[in-house]
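Okay, so chain A shows up in both of these, paired with chain B first and chain C after.
What follows is the complex of A and B.
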C-alpha cells in the first residue's frame, strides 16, 4: 500500500491544514462540477502536494431549488410532484416516504395490492439505480464499455417503468392513498425477460470488471471506512454493510411488504472501494431476486387505491412523524410536521449523502492519489441534491 | 420504562408516542448536551439521523429536532428543544458526531441560528457568497417579495393574467362578466 511521506505535510491548525499556496509546494485543483468522474453537480476543491491530496472541501449548491421551502407554500398534492426531484436517479424513495408520512398523519390505511405494487416499484428502482452505479464505477476507473452495457439494460428497466407508471424517470406513481395504476396485462412475463437479460449481463460484468486486475489494484485499499468511523460519521447503507455492519431499514424496520420476502443482509469485510463495489453488485442480484419474489407472491388483482379526502382541500391534523426507507445509499426518510392547515408546516428530506458527501468524503480523500478521487467518490455513492434540497 | 429513568435526571416534557418505534419529547436547551450523551453512551442510541429546525413564528421560538436511532431495539427518539427566535443561539454538538457540523452549517445558513464554536460555520452550502437577504427558511422571509426586489424583468417581456388571456384568445366575443361567472363555477354555491 502507498505510504505517504509525512514530512512534506502542512501543519494542522484548528483541525485544518495550514496551506501557503505561494510556497509552490501545493496546487489547488477543482474536481467538478463539470467533470465526468463526479456524481452529480458537486465539486471537490482539492489541494495537492505532488499528486497526493492534502485537503479536500466539498462544494454543493449547483442544484439548489429550495424544495423544503417550496413545500411549505404548497398543498399536499402540489408537493407530491416536487418531492421526486430531490434524488434524480431514484425518485421512488422520495415518493414513498412522502406518501407514507402523509398517510400516517392522516390515518389512511392503504390496500394490500397497493403495498405489493409499492414494494415492486421500490425494488425495481433500486435495480435501476444500481445498474447506473455499476456503470458509473466502471466508467470512473476507465472502463467505459461496462458503463454502456449497464445503461442499456437500465433503459430496459426504464421501459418497464414506462409500461407500469407512464414515466421513465419521474414516475409519480406512489401517490398518497395507494398507487396510480395496477400492472398492465402480460407485464410479469416481460419483466422476467428483462431480469434474465440483466442477469446475463451482470455475469459478464462480474468476469470483466470484478476479476479485472487493474480494477482490483486500483480499488482495493482505497478509501477504507474503519469500524469506529461508522458510528462517528453516521455511515449507513452499503457503505456500512461493506464494513460488516448489519444495517438495513428493510430488515430492521420492515415497511410495505418486505417482512413477507425472503432475503438477508449483504455484507463484506474489507470496507474499501472494492468491497463496496462487490456489496452493491450482490445487492443488484438480490434486488432482481426480490422483484421476482414480489411478482410471484403478489395477488392477481384487488383495489390499489383507497379513498382519500378531497385533495384540493386536504387538511391534516397537527402532528409530526418520520417515515423512512432503505434507498440504494442507506437510510432515506421524510420528517413531516403538520399544523392543521392544508399545507405541511415543515418537510425535511433526510438523505444519506448529507453525511457521506461532506464529512466522510472530506476525510477519506486525504492521502489519496488524485487519480483515484473519481473512483473514491463514486464508490461512496452520493447524490448532491439531497444535501442542498 | 427508559423515559421514566430519564425523567429522574432530566426535565422531560411533551412526551408523545407517535408510533411503535418513534417517540418525541422535549427537553430544555441547557440539558440537551447531557441528554444526547446519555442516550448515545448509556442507552445505545448511537445513530444521529438528522437535525432539523422548525420556525414556530407564532410562539417566537425555533424548534430543533434531533433524531436518534438505536440499532439494537430499532427505536427512534425525536428530541425537541425550543430556542428563542430573537436570540437564536444553540450549543454546538460537533464533538459528539462528525456530521453534526454539517447540519449546524445548514441551520445557520437557512435559519440563522448561531452555534458557538462549530467548525466552518460561516461556509454556506448552497447560497452563494453574494447572498445579503435574511436566512431563507424563516417563515417571515417572503420569496416573492425578495425576488421582485432583487431581480428584474427582461426588457420587452409582457405578463398576462392566464384567465384573462385565454378568454380573449378563445372567446373574444363572449361578454366579460358572463365568462367570469362561468369560470367561477357557473354561479353555483
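What follows is the complex of A and C.
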C-alpha cells in the first residue's frame, strides 16, 4: 500500500491545516460540480500533497432553489407540488414529512388504507433510490455496466410509480389527508414481477461487485467513520448502521404501518465504505421484502383520503412540529411552524446530506488518495438538493 | 485474496446474452399509464370558467382567457384556462380542484413542433391536440376531495314542533358552522353576476373566514341595506350558479349573509358601519316602505338627499312584514334594519296612503323627485265559477291578518285548501298549519315546476301539508254548511305541445273530484294597484303587462318619477326590489345633479 511522505504535510493550527500554495508542495483541485462521482451539483475543493488529500472543503450553491423560502409564500396545498423536489431521487420522504407535519398540526387522521399506501410508496422509494446508489457506487469505482443494470431496473420501479401515482420521478402522491389514488387493478402482480427481476439482477450484482477483488480492495478500509464522529456529526442511516449502530426511524419510532411489518436493523461493523455498501445491499433486499409484505397485508380497498378543509382556504392554527421518516440515507424530517394563516410560517427540511456531505466528508477525505475520493463520496450517499433547500 | 473474488466477477459475461431492455423509439413507443399526468384536456361545455384551476396553480401556469364560441353568461365567466407548458409542472392540482370535473390530464407526455414560432401555451379543448380524445390520464379519483362539497346543515325546530308557534324556525349558524361553511367558497365570483344586487359575495364570505364582521357588514350594506331580511328569505339566485354546486351542495350564501348581520346587535349598526351622510339640499319623496322603497331611501341618503317615505301602513317592510310569515322573517329583524335607516336620517310618514291621505300631485310639486315602489297588492282571481263565495279567501289577506293579529285564527277554520305553487302559496299552507288546520295544496303542474323555493316545498311537506299536483280547480260550490265550501277539481295530464315547448297541464274530464273545506285560499299571484295615479299622471304613466315601464335607471315615462320593486321587475322578489332602489337612487342623482347626462329624460 502507498505510504506518503508525511514530513511535507501542513501543520494544523486551530484544527485547520496551514497551507501555503506558493510553497509548491500542494496542489488544489476541484472535484465537481460536474464530476459524475460527486453525486450531483456539489464540489469538493481538494488540496493535495502528492496524491493524498490534506484538506477537502465541500462547496454547495449550484442548486439553490430556495424551497423553504418559496413555501412561506405558498398556501399549504401549493407547497405540496414543491416539496418533492427537495430530494430529487427520493421525493416521497418530502411528501410524507410535509403531509404528516401538516396533518399533525391540523388534527387530521388519515385512513388505514392511506397508511398502507404511504408505507408502500415510501418503501418502494427506498428500493428505487438504493438501486440508483448501487449503480452509482459501482460506477464511481469504474464499473459502469452495473450502473446500467441498476438504472434499468430502477426504471421498472419508476413504471410502478407511474401506475400508482401518475408520475415517474415526481410522484406528487402523498398529500395532506392521505394519498391521491388507490392502486390500479393488477398492480400487485406487476409489482411482484418487477421485484423478482430486481432480485435476479441483484444476485448478479452480488457476484460481480460484492465478490470482486478490486471493489473490495478499494473500499475496505476506505472512509472509516469512527465512533466519536457518529454523535458529533449526527451520522444516521446506513452510514451509522455500518458502524454497528442500531438506528433506524422505521424501528425506533415506527410511523405509518412499519410497526405491522416484520424486519430488523441491518448492521455491519467495519465502518468503512465496503461495510456501508453491504448494508445498503442488504437493505435493498429488505425493501423488496417489505414491499411484498405491504402488498400482501394491506386491505383490498378502503378510503385513501380524508376530507381536509377546502384547500383553497386552508388556514392552520399556530403550532410547530417535526415529522420524520427513514429515507435511504437515514433520518429525514420536516420541521414546520404555522401561525394561523393559510401559509406555513416556516418549513425546514432536514436531510442527512447536510451533515454527511459537509461535516463528515470533510473529515473522511483527509489522508485519502485522490483516486478514491469519488468512491468515498458516493459511499456516504448524499443528495445535494437536500443540502440546498 | 480469495480466488472466488477473482472468478466471480466474470459472471458478467452471462448478461451479454440477455435481450436489450430499452425500447427502440420511434419504432416502438410506450403509452403513459392510465393515471399518467400528461397534457391537459378540458371539456369546454362542462367548464364554467370559474378560475379555481388558475387560483390553485402555484406555478401561475394558468391564465383564464376569453375564447371564441363561449359566451359570458350568468353562470359562466366565458373564460377558459390556457396552460403555459413552460411553467406547468404537471402536478394536476388544477384537476383536483376543478369545480366541474371538466379538466383532466391525458396520458400524452410528448409534443413536438418543427415550427419554432408555434406556441407552447395551449387552451385545452379549444386548441385541437392529438391527445384530446385520449381516454387515459389523470382524473380526480372518487374519494379525493380537496374541495368541500357538503354544506353545513342549519339547525332548526323539528317539524313536530315547528307548526306549534310562529317562532323563527331556523336557528342560524353557530360560529363554527359559519366558518366551515365560509371555507367552502372558492372565490370564483360567478354569484356576483347572478345576484340582482350584485352583492360582493366572495368578499363578505372572506370576512367571515377572517372573523371581521364589521367589514362584512360594510360589504353587505354597500349593495344591500336589508341583509337581515335577505339573509333569511332571499330567493338566493346566487346559489344556483355557485361553482361548488356543480359537484356538491352550493355554498349557503344566504345563511352566511344572515350570520354576519346577526353578529351585529341592533343598536350597534351605526358604529359598525361608521357612515357619514352628506346633505346636498335636495329632497326626494318615496312611496312605499317595502324593500324597494327602503333601499332607494338608504342610497339616496348616502348621496346626500333628504328622503321621506310615505307608507300607507303603520310599519315598514311591505310584503316582507305583512306577507312573509314571522317564522321565516321575525319582525324584530325588519325593525333592526328600519331603525338603522332612521338613524341614517330617513324620515318615515306612516299611515299615509298616497291617493287617500296625500295626493301624488302634492309630492310631485313639493319634492325634487319622487320614487314609488308600492308592490303588488291585488290578488289574481282563480277565473272559475263560484269563486266569489265568501269562504274563498285571498292569501295576502290571510297572511296580513296573521301579521296583525297573530293570536287569532284568521278566519280559515280547521280544513284549508290552498291553490297555487309559489312562495305565497307555501306561506299560506304553513301559516294555516300553525292555526292547527288540515291543509291541502292544489297545483296545476308537477312539483319540479313549482315556482316556490325548493326549501319551502320541502319544509311544507315536512310540516304535513298534503300536496295535490297536476290538480286543476274547476269550480267552487257552496257546501251544506254555510261556513264551508266545496272545491271541484280535476286531475291533469301533462301534454307537450306539438311545436315542442313546455308541457301544459290538460284537464282530464273523467277524473273530477269534489272536496269540502272550511275555506279555500287563493294564492296564484297578485298585481299592482295604480289608482293613486290620476289626471295627467295617469295619462302619462306607461305600463306593460301590468308593470311600469322604465329605463335602465328606473326612470318612468314621467321624468321626475322613478319606480322600483315588484311593480317594475319581473322577478318580484325582495333582492330585485332592493337592486331597483339602488339603481333608482343613482338615476335620481344623475337626473338632478348631472344636467349633461344623456341617459336621463330631463
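Odds and ends about this structure:
Quick note on the criterion: the second predicted complex is superposed on the first by the 384 of 389 C-alpha atoms of A that agree within 3 Å, B and C clash if a C-alpha of one lies under 4 Å from a C-alpha of the other, contacts with A are read in each partner's own complex, and residues count from 1 in each chain.
Rule of thumb we're sticking to: contacts are C-beta pairs under 8 Å (C-beta built on N, C-alpha and C of every residue); 3 or more make two chains touch, one makes a residue touch a chain.
None of the values given here were measured: they were computed from a predicted structure.
Contact with chain C, but none with chain B, is seen for A:313 once the two complexes are overlaid on the shared chain.
Contacts of A:184 after superposition on the shared chain: chain C is touched, whereas chain B is not.
By the touch criterion defined above, A:231 lies against chain B but remains apart from chain C after alignment on the C-alpha atoms of chain A. Contact with neither chain B nor chain C is seen for A:17 once the two complexes are overlaid on the shared chain. Judged by the touch definition given at the top, the superposed model places A:213 against chain C, while chain B stays out of reach.
Looking at the shared chain after the overlay, A:388 reaches chain B, while chain C stays out of its contact range. When the two complexes are overlaid on their common chain A, residue A:74 makes contact with chain C while staying clear of chain B. In the overlay built on the shared chain, the residue A:61 is in contact with chain B alone; chain C does not reach it. Listed in rising order, the residues of chain A touching chain B in the complex are 14-15, 60-61, 64, 66, 68-69, 72-73, 104, 231-234, 236, 247, 252-253, 319-322, 324, 331, 333, 335, 337, 345-346, 348, 350, 354-355, 358-360, 363, 387-388.
Residues of chain C touching chain A in their complex: 1-2, 4-6, 8-9, 11-12, 14-15, 21-22, 32-37, 52, 55-56, 58-59, 89-93, 96-97, 105, 138, 141, 143-148, 180, 182-187, 209.
Those residues of chain B whose C-beta lies close enough to touch chain A in the complex are 18-19, 21-22, 24, 46-50, 52, 54-55, 65, 67, 71, 74, 76, 78, 97-99, 101-103, 119, 124-128, 136-137, 139, 143.
Contact residues of chain A toward chain C in the complex are 74-75, 77-82, 145, 149, 152, 155, 159, 162-167, 170, 172, 178, 180-182, 184, 204, 207-209, 211-214, 216, 303-305, 307-315.
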